[in-house]
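Paired with chain B in one complex and with chain C in the other, chain A is shared by the two complexes that follow.
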Partner chain A sequence: MIVELGHFALILAFGLALAQAALPMAGVLRGVRAWSGAAVPLACGQFLFVLVSFACLAHAFLTDDFSVRLVATNSNTLLPAWYKFSALWGNHEGSMLLWLTILAGWSSAVALIGKDLPIEMRARVLSVMGMIAVGFHLFVLLTSNPFLRSFPNVPEEGRDLNPLLQDIGLVMHPPMLYLGYVGFSVAFSFALAALWSGRLDTAWARWSRPWTTAAWLFLSVGITLGSWWAYYELGWGGWWFWDPVENASFMPWLAGTALLHSLAVTEKRGLFRSWAVLLAIMTFSLSLLGTFLVRSGILTSVHAFATDPERGSFVLAFLGVVVGGSLTLYALRAPQSSGPAGYSLLSREAALLANNVLLVVAMATVLLGTLAPLVVSAMDLGRISVGPPYFNLMFVPLMSLLAVAMGVGPLMRWRDSSGASLRAMLAVPAASCLVIAIAFPFTYAGHWHAGAALTAGLTAWLAATLVAGLRQRLRERGGLRALPMLGFAYWGMVVAHVGFAFSMAGAGLTSIYSDERDVRMSAGDSVTLGAYEFSFLRTRHVDGPNYSAERGEFTVKNVSGERVRHLKAEKRDYHSQMGNVMTEAGIAPGFLRDLYVSLGEPIGDGSWAVRVHHKPFVRWLWIGGVLMGAGGALTLFDRRYRRPSAQQPVR
Partner chain B sequence: MSRLRLFIPLLVFIALALLFWRGLSLDPNYMPSALENRPLPAFTAATLDGASISDTDLRGAPALVNVWATWCPSCAAEHAYLNELARRGVRIYGINYKDDPAAARRWIAEKGNPYVANILDPSGHLGLDLGVTGAPETYLIDAAGVVHLRHQGPVDERVWQRVLQPAFSTLENGASGR
Partner chain C sequence: MHPVRRQRLMIVAFIVVGASAAAALIFRALSENMNFFYPPAQIAAGEAPEGRTIRIGGLVVPGSLKRAESGLDLEFRVTDNKADLQVDFRGILPDLFAEGKGVVAVGELLPNGRFKADQVLAKHDENYMPPEVHEALKKGADPGVALGGGARNDR
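Our next item is the complex of A and B:
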């Protein structure tokens, strides 16, 4: 009964989404204020009913209602309650409902928080969001209904959630990622609303900036979580695979980062307007493209969703309407000239332009690499796969240039900066970059390595330029006393840029200095890896709530013979998945290095295939991702985003 | 003129959309079978009913050879459709792949038996000779036991209509015409 209520609530929500798309639009076109104003209650109502529907499905999962097909195929009575709940989105249908819930959530957030928007603007934005919601409601109701029952043969036990997904990382990863993906629908809707009204002004940029930042921060955290999860759960110590689905989340991030920065230029200087609109369209389109790639089964990927070409056709048609429609609108309505340029080569505008060009080229690089296999097979030229060598080849130079621009950008002034003062500010960062670049490989590893020098040098460059920027600001505002007055937006920028430095350093140094060995070990054996000695103590049989496992225990000692860590690596056999054995790696995390052990197969006579890793700086990747998210969050607390009523009267 | 430049993103998107549209009809997992146009490997094995069967017993008429197992969720999904095909008169042989015969018998008793006979391959050796990459897989063989097609993944109405049936009808007509 509750399940049917959920289904019914979803249909009602679909009706409200239709009204949300149509009524405010009619209100704007006919000039009926009451209709335009109806956007707010309609958006909130739609969210409420989607939420009811989500809660009903969650109830079915938590109470093990195996008459619901989705529950029977993705859950199990033995599953801990927390994973029963997250099993809801560990599959295609449920994750689409989560997507819909988040979309309705963002749209009601715009309705409620965007109170100071002009009523017409808000009506336009919410109408566009309503149209997007209509598409996804249709997709869920017609092709991916999560509420289908399987009568009369109700299974007694569910087939269980894929053991890989029984993990805190997966509980958090999809909601964060979707908050980001779907969050970009807000910037998209603002862009379309601005094109539609023909008022592509700085106000539009000011309104969409905080929403873009919010979506971007969630996407940053979501991608970070995914990478962290892959690292500790897949058991081979990798953290990024350039898999099509990973790329699908990375492309909107790259475009979204470019959007974030170009909106700053549009808001402050009124430039880059058409470009920012195009980026807003591109970012959300790439989110949709990601959905299409994942759900249609058009590319092979480790993220195996139950794929179905019928669903693929639907998403492709939807993609055609949304992206094709918005790009047509763009082509017809975007302003042709961005006004007078009015900035020199040495200006913040120029630096941000460089940022945008590099990020978009990086995005195009990923797009090309992801789609190349498809192009080749569509042209009947055989089958290829594009792997890490291509992406690394492209990304090392692109990200290096980006880091250089990123150091200079915040030191530049709008319009024009004096070359002399720039040179003065950049002298120390340039020197420290050079010194660290030369010194780091020798002090860390004892020998020269060009890649490590580049990574360390650029990291030093970013850190030193941020310090130089801080000093400049303080000097202009009267010394250290000004420290509390610098504002959240500034600190947000600093924290996010520090985060980028961490991630870049982590990615570079881990790739260069990681060391791993595959060995055969039995109890009592030891293996030395770099400065560490791993000893295999024993294996023990342990029982978990829904699995039994062989647990290998290891100790790790450093050169001087001190015991550093005790590690436990497991081979888990989940009861519900006959023969599906999962590896649970034993990891000793550290700021400067991780030690990582995973059990392979038992070889017989009590010995095991064991893989040991030494991964320096790998944590920095995720520290960086979290800092980027935190930086984004900080800027949202900036004074200009607070309500006028809550604001202190300035001066 | 510069208005035309603004159409560039749209054109790029249209090109991509055409590519995706084409991509939807391609199967990214498709691997040509090494056995295509070659006879089934020679084998002698037990059937699920305890009889003995060899590759020559499969000859005589076009047939499907379906590789399945009780541990394979997609096999459960396609089973009802196999029953339907058998009801329409399609000859289907099963290869019970890396499975427990007792479990397989229970499965057949529960879900119905679309198979003319079920070849037991508990060790997966026959699967290895066939080049099976995973269950379910379905091979189309002609009256002489030569493999004409391989389909990876479950067989459903769509796969049957678009992939298997066209080839199957050709073989059947060819067989009756001879």
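Our next item is the complex of A and C:
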């Protein structure tokens, strides 16, 4: 009964989404304020009914209602309640319902928080969001209904959730990622609304900036969580694989980061307007492309759920409508000139332009590497995959240049800055960059390594330029007393840039200095890896709530023979109809290094295949991701977003 | 030529040269890192290049997995029901590697006709099968063998 209620609520929500798309639009076109104003209750109503629908499905999962096909195939009575709930989105249908819920959530957030928007603008934005919602409602109702029952053959027991997904990482990763993905629909809707109204001005940039930042921060955190989850849960110590689906989340992040920065220019200087609109369209289109890649199962990927060509064609058609429609509107309405304001080569505009060019080129190389297999296969030239070396080759130079620009950018003034003052500010950062670049490889590893020197040097460069920027700001505003007055937006930028430095250093150094070995070990054997000695003590049988496992116990000693850590790695066998075996790694985390052991398989005569890792700086990757998210969050508290009515005059 | 025009021409030329150089480098990098997929039948027919990274895939022949006395060397055979391919691997097999199930391996073909795998990928869940393997098996179809496997990257 509750399940049918959920289905019914979803159909009602679809009706409200239709009204949300049509009524405000008619209101704007006809000039009927009441219709335009209806966008707000319609958006909230849609969210309410989608939420009811979501709650009904969650109820079915929590009460083990195996008459619902989705529950029967993805849950199990033995599953802890927490995972029963997250099993809802560990599959195609449920994750699409989560997607819809979040979309409706963003929509009603715009309706409720955007009270200061002109009523027509809000109506336009909500109408566009309503159209997107209609598309996704149709997708769920027509191709991916999560409420299907399997009468009369109700199974006694569910088939269980894939053990890889029974983890806190899965509880949090998809909702965060979707908050980001779907959040860019707000930036997209603002861009389309601005094109539609023909008023692509600084006010538009000011309105859409906080929404873009919010989406971006969730996406940053979502990607970080995904990487962390892959690292400890997949059991083999990798943190990024250039897997098509990872790329699918990374591309909107790159485009969204560019959008964030170009909106800053639009807001402050009225420049880059049509470029920012194009980026907003691009970012959301890439989110949809990601959905298409994951849902169609067209690419080989760990994330691919069971495939269904019908779903793939639906999303592809929807993508075509969204991209085609928005680009047509763009072609018709984009402003022809950026206005009279110019800027010199040594200005913040120029640095942000460099940021945009580099990020978009990076996005394009990822897009190319991700879609090449599809193109080659469509042209019937065979089946290919693009290896990680391609992406690494592209990213090292691009990210290095980005880091250089990122150091200089915040030190530059809008319009024009003097070369002499820049040189004065950059002298110390340049010197520290050089010294650290040369010193780091020798002090850390005892020998030269160009990649490590580059990574360390750029990290020092970013840190030193941020300090230089802070000093300059304080000097201009009258010394240390000005410290509390620098504003949340400034601190947000600093924190996010520090986060980028951490991630870059983590990615570079862990790739260079990580050490791993696959060895055959019996109880009592030891293996030395760099400065650490891993000893295999014993294996023991242990039972978990829904699995049984062989647990290997290891101790790790450092050079001087002190015991550093005791590690437990497990090989789990889940008691479900899927009969899944899973590796649970033993990890000793640390700020400067992780020690990591995973059990392969037993290979007769009591010995096991074992993989041991020493992974320096790997945690910096995720510290950086979290800092980037925190930086984004900080900027949302900036004064200018709290009192949008007190608008700054535009120079 | 007018100095402003000359400057503009320089800028345009710079952009064109820069963009084409970048595009050339990107496509070169891409073509060098494209790994083609070959089913065992194509390898048996001598269509696959030696000494280049390629991917192969099919079903693991039941009973073909053999391990060395010491160390982590092992070998198994992969079939698409038309031809078999001998695969050598040193390391840890993915959790869901199983005889009779679908598998994909990345590595290179040796002159002696064996395949040296650097990476072995096996099934992700039972509904999922890498499209390549599915296609390879369909081509070499044998009604007796069910397409039950799937794949997962060994991460």
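In this text, the second predicted complex is superposed on the first by the 638 of 651 C-alpha atoms of A that agree within 3 Å, B and C clash if a C-alpha of one lies under 4 Å from a C-alpha of the other, contacts with A are read in each partner's own complex, and residues count from 1 in each chain.
Everything below uses one rule, namely that a residue touches a chain if its C-beta (ideal position, glycine included) is under 8 Å from a C-beta of that chain, and two chains touch if they have at least 3 such contacts.
On a predicted model such as this, the values are computed, not experimentally measured, just so you know.
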(request) May I ask you to decide whether A:Trp491 touches chain B, chain C, both, or neither, giving the answer as first, second, both or neither? (result) neither
(message) Under the stated touch criterion, which partner chain does A:Trp414 make contact with: chain B (first), chain C (second), both, or neither?
(response) neither
(request) Name the contact category of A:Phe395: first (chain B only), second (chain C only), both, or neither. (result) neither
(request) Check the contacts made with chain A and report whether chain B or chain C touches more of its residues. (result) C
(request) Could you say whether A:Val361 touches chain B, chain C, both of them, or neither, answering first, second, both or neither? (result) second
(request) Enumerate the residues of chain A that count as touching chain B in its complex and touching chain C in the other. (result) 297-298, 300, 578
(request) Using the touch rule from the top, collect the residues of chain C that touch chain A in their complex. (result) 22, 26, 29-30, 32-37, 53, 55, 67, 70-72, 90-93, 95-96, 104, 106, 124-128, 130-132, 135, 151-155
(request) Provide the residue numbers of chain A that touch chain B in the complex, in ascending order. (result) 73, 159, 274, 278, 281-282, 285, 292, 296-300, 309, 312-313, 316, 319-320, 323-324, 327-328, 330-332, 334, 336-337, 371, 373-375, 377-378, 578-579
(message) Give the list of chain B residues in touch with chain A in this complex.
(response) 2-3, 6-7, 9-10, 13-14, 16-17, 19-26, 28-29, 71, 73, 158
(message) Taking the touch rule as given, give the residues of chain A at its contact with chain C in the complex, in rising order.
(response) 162, 230, 234-236, 238, 241, 243, 297-298, 300-302, 304-307, 361, 365, 368-369, 372, 376, 382-387, 389-390, 393-394, 518-520, 571, 578, 580-583, 600-601, 603-604, 609, 611
